[in-house]
Amino acid sequence: MSLDKHEMAALVARDIAPGSYVNLGIGQPTLVADHLPAGAGIVLHTENGMLNMGPAAVGDQIDPDLTNAGKIPVTELPGSAYFHHADSFAMMRGGHLDVCVMGAFQVSANGDLANWHTGDPDAIPAVGGAMDLAVGAKSVYVMMTLFTKRGEPKLVPECTYPLTGLKCVDRVYTDQATFLITDAGVIVRDTFGITFEELSDRLDVPLLRP
Amino acid sequence: MSLDKHEMAALVARDIAPGSYVNLGIGQPTLVADHLPAGAGIVLHTENGMLNMGPAAVGDQIDPDLTNAGKIPVTELPGSAYFHHADSFAMMRGGHLDVCVMGAFQVSANGDLANWHTGDPDAIPAVGGAMDLAVGAKSVYVMMTLFTKRGEPKLVPECTYPLTGLKCVDRVYTDQATFLITDAGVIVRDTFGITFEELSDRLDVPLLRP
Amino acid sequence: MTVTICDTTAEAVAGIRDGSTVLIGGFGMAGMPVQLIDALIDQGASDLTVVSNNAGNGDTGLAALLAKGRVRKMICSFPRQTDSWVFDGLYRAGKIELEVVPQGNLAERMRAAGAGIGAFYGRTGVGTPLAEGKETREIDGRTHVLEFPIKGDVALIGAFRADRMGNLVYRKTARNFGPVMATAAAVTIAQVSEVVETGTLDPEVIVTPSIYVDRVVAV
Amino acid sequence: MTVTICDTTAEAVAGIRDGSTVLIGGFGMAGMPVQLIDALIDQGASDLTVVSNNAGNGDTGLAALLAKGRVRKMICSFPRQTDSWVFDGLYRAGKIELEVVPQGNLAERMRAAGAGIGAFYGRTGVGTPLAEGKETREIDGRTHVLEFPIKGDVALIGAFRADRMGNLVYRKTARNFGPVMATAAAVTIAQVSEVVETGTLDPEVIVTPSIYVDRVVAV
């Protein structure tokens, strides 16, 4: 059986080492927070200037001055810290975050990432902090469905969408399989309701067994 | 009569506009603080990370964690702020200080400053923040005796000592005269116990009347 | 120079000229200086270049300034949002220029402007359309892109408290771009919830020292 | 990764290797991590490159490390002081290398290391012996010098309080180089007056967030 987005999030969460400093992108990656083990000391960073962000705020907790990168009201945990945008991005760009998890339109076999622009000439481009995370985080994990709604693979030989970063993705978590992007090639770590042969057949990317 | 160092300091202080943000160098420039008019809202910066520094600490006020750039214990005034070294020098280098006052070995007719190294091969070089102030402060005032103990002029056609900064000095306050360094040349603004003609005679620098 | 504590937002934004580059704080609505923007609309300056993370939310604040047609060009990292209909309409109608800058470059380029850095090499955007045409250099075996400062004529920022000298503190993630923009503009104007007596803010916790602040207004 | 709260300074400095570049905080004695330096002397690492604003005061702290002959090279802005006799002696005897860096470049080059900046153009030192041989570039009609990051293998810093996560606050001008060095080193070790429970430091006033701190020891 292929995974739903919550199962994918749980899978990503299980791979984050205790004590890691982690940035979770807007959208599905945010779900990873729900699956991080309590007491593992994993610290969430939000690029709008905070470490040790807590869960989404509810009811009286909602404070317009305390939001995450998606502008959703959130909470603070004991030991959190606030800082301004240049300091926040220095933290990201300086290689201090252990892991970031982002969504993607496409990932290439050598780890190129495309997740900010469909290339549609009518689309209004908007990049946010994605390019900074792509070059800055020690490990870049992508979380996405393996195929578009029209069935086109999103793990591709070369990205056709405009790039976010070059050779930056380390792992790709999808509903069908988990891939490790290595110097030796793309390794299929796990499959979910699909065989290695079926995957190899549907993707134009050479795949390696674990 | 030529001025003593306290009179020079008073002269410099008189030229600092109300509300200015000012850095006073180690040594004689520190005396300027004693002559700043009360209530003029002049704010002193010390490059080791503080704005609105107060007078030297005495007795129980002495705190080893609160010193000026000369490592002398000082005090804080209401409205002071602490910041780290990169922020402090960003303030200096980014052009935010209105005035800095420094000592000098030599100043050239076009405003080159030499105040960090005598060029003596036995001397241990030490520059501190002088080069940052020279390029960063909106106005750079030098305070020095006009002649060395051996009678050599310190306002010179070209510096022979290693430079601190190029074309950075705006005014030179000395015991004998005050000089304005302008694009048109060196203007003698005030003289103290010496005539314009005597000055012109003793200096190798073409001088202009005010 | 000494800060001016203004009685009104109109006084705070007086003198902003047509054609100015205006840095506007806030990330979404957090830290957005809405009252200063409203005053800027009344003040009338036009042909502005606005630098802000987003390109307006809903119909207030920056979105209202855009709706009035006062902005020639937006420099931002993330214009497209669920509630950025004002900007979206202007952009699709060809009535506004857009320069998309990665968020970290936006922050660092303003920091550079404030810190006297002439240009810097960073890795963000290498190999992407946003670095096209920019100078590159290999440093330690990795490609870097040369980025230049973004200076403002004016910064409009929102802070929490000011003292009468102009020292500022912020609140939670509303801090965001305010402290950086304050360093990068010739004139920095802050709206705050409260102006307190000088000496009541702890010198250890000042985020924006008074040297960066020109005008303050309580709203 | 999670900070280690150490019981002893010996534990805090364990594993520092011969040949390391060690960033040492402090401006004169303010913020100087004297107990960590004493522990480093006992630990025995040698052939060190030390980056610090000064080159030791009196006979304690950095001066004591220098006196033991453990330092191959000093990178600093201001070695010569009234009480820098240990360094002065080594330098005159040709027993130590010296690289003098303008204080602002020292701070900014370490910030660059921490912030992922590959290099930057600044104006400090243009036309002086300290910029000799460095690449220059005209930007907006003014000459700039290209400066590269200074990274540390280890930073030894002094702070005031830490919480058990490793967040740090400082005291007055003892803050100086500590926050910058914490960002610029692979391993940052802080000595503090007190370790407090997580949650007791106000998140608004943290100067060095825990992400930059690897080991903490109360002295």
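We just call them A, B, C and D in the order they show up, numbering each chain from 1.
One rule holds in what follows: contacts are C-beta pairs under 8 Å (C-beta built on N, C-alpha and C of every residue); 3 or more make two chains touch, one makes a residue touch a chain.
Quick caveat, the model's predicted, so the values are computed rather than measured.
Shared contacts of chain C and chain D, meaning chains that touch the two of them, come down to A, B.
Across the two candidate interfaces, A-C and A-D, the one carrying more C-beta contacts is A-C.
Chain centres here are Cα means. That of chain B falls 28 Å from that of chain D.
Centre to centre, using the average C-alpha position, chain A and chain B are separated by 54 Å. Rounded to a whole number, the gap between the C-alpha centres of chain A and chain D is 34 angstrom.
Residue positions of chain C touching 2 or more other chains: 108, 111, 115-117, 122-123, 170-172, 203-204. Taken residue by residue, chain B touches two or more other chains at 50, 76, 82-83, 89-90, 92-93, 135-136, whereas all remaining positions touch fewer. Taken as a contact graph, with one node per protein chain and an edge wherever two chains touch, the assembly fits none of the named shapes, being neither a line, a ring, a star nor a complete graph.
Pairwise chain contacts in this structure: A-C, A-D, B-C, B-D, C-D.
The touching residues of chain D, counted against chain B in their complex, run 27-31, 53, 77-81, 87-88, 91-92, 98, 100-108, 110-111, 122-130, 170-180, 207.
Note for the complex: chain D touches chain C at residues 108, 112, 115-123, 137, 139-140, 142, 144, 148, 169-172, 202-205. Of all residues in chain B, those touching chain C in their complex are 17-21, 41, 43, 45, 50-52, 76, 78-83, 89-98, 135-136. By the touch criterion given at the top, residues 46-50, 63-68, 71, 76, 82-86, 88-90, 92-93, 112, 117, 122-132, 134-136, 162-166 of chain A touch chain C in their complex.
Residues of chain C that touch chain B in their complex: 1-2, 111, 113-117, 163-165, 167, 183, 198-199, 201, 203-204, 206, 209-212.
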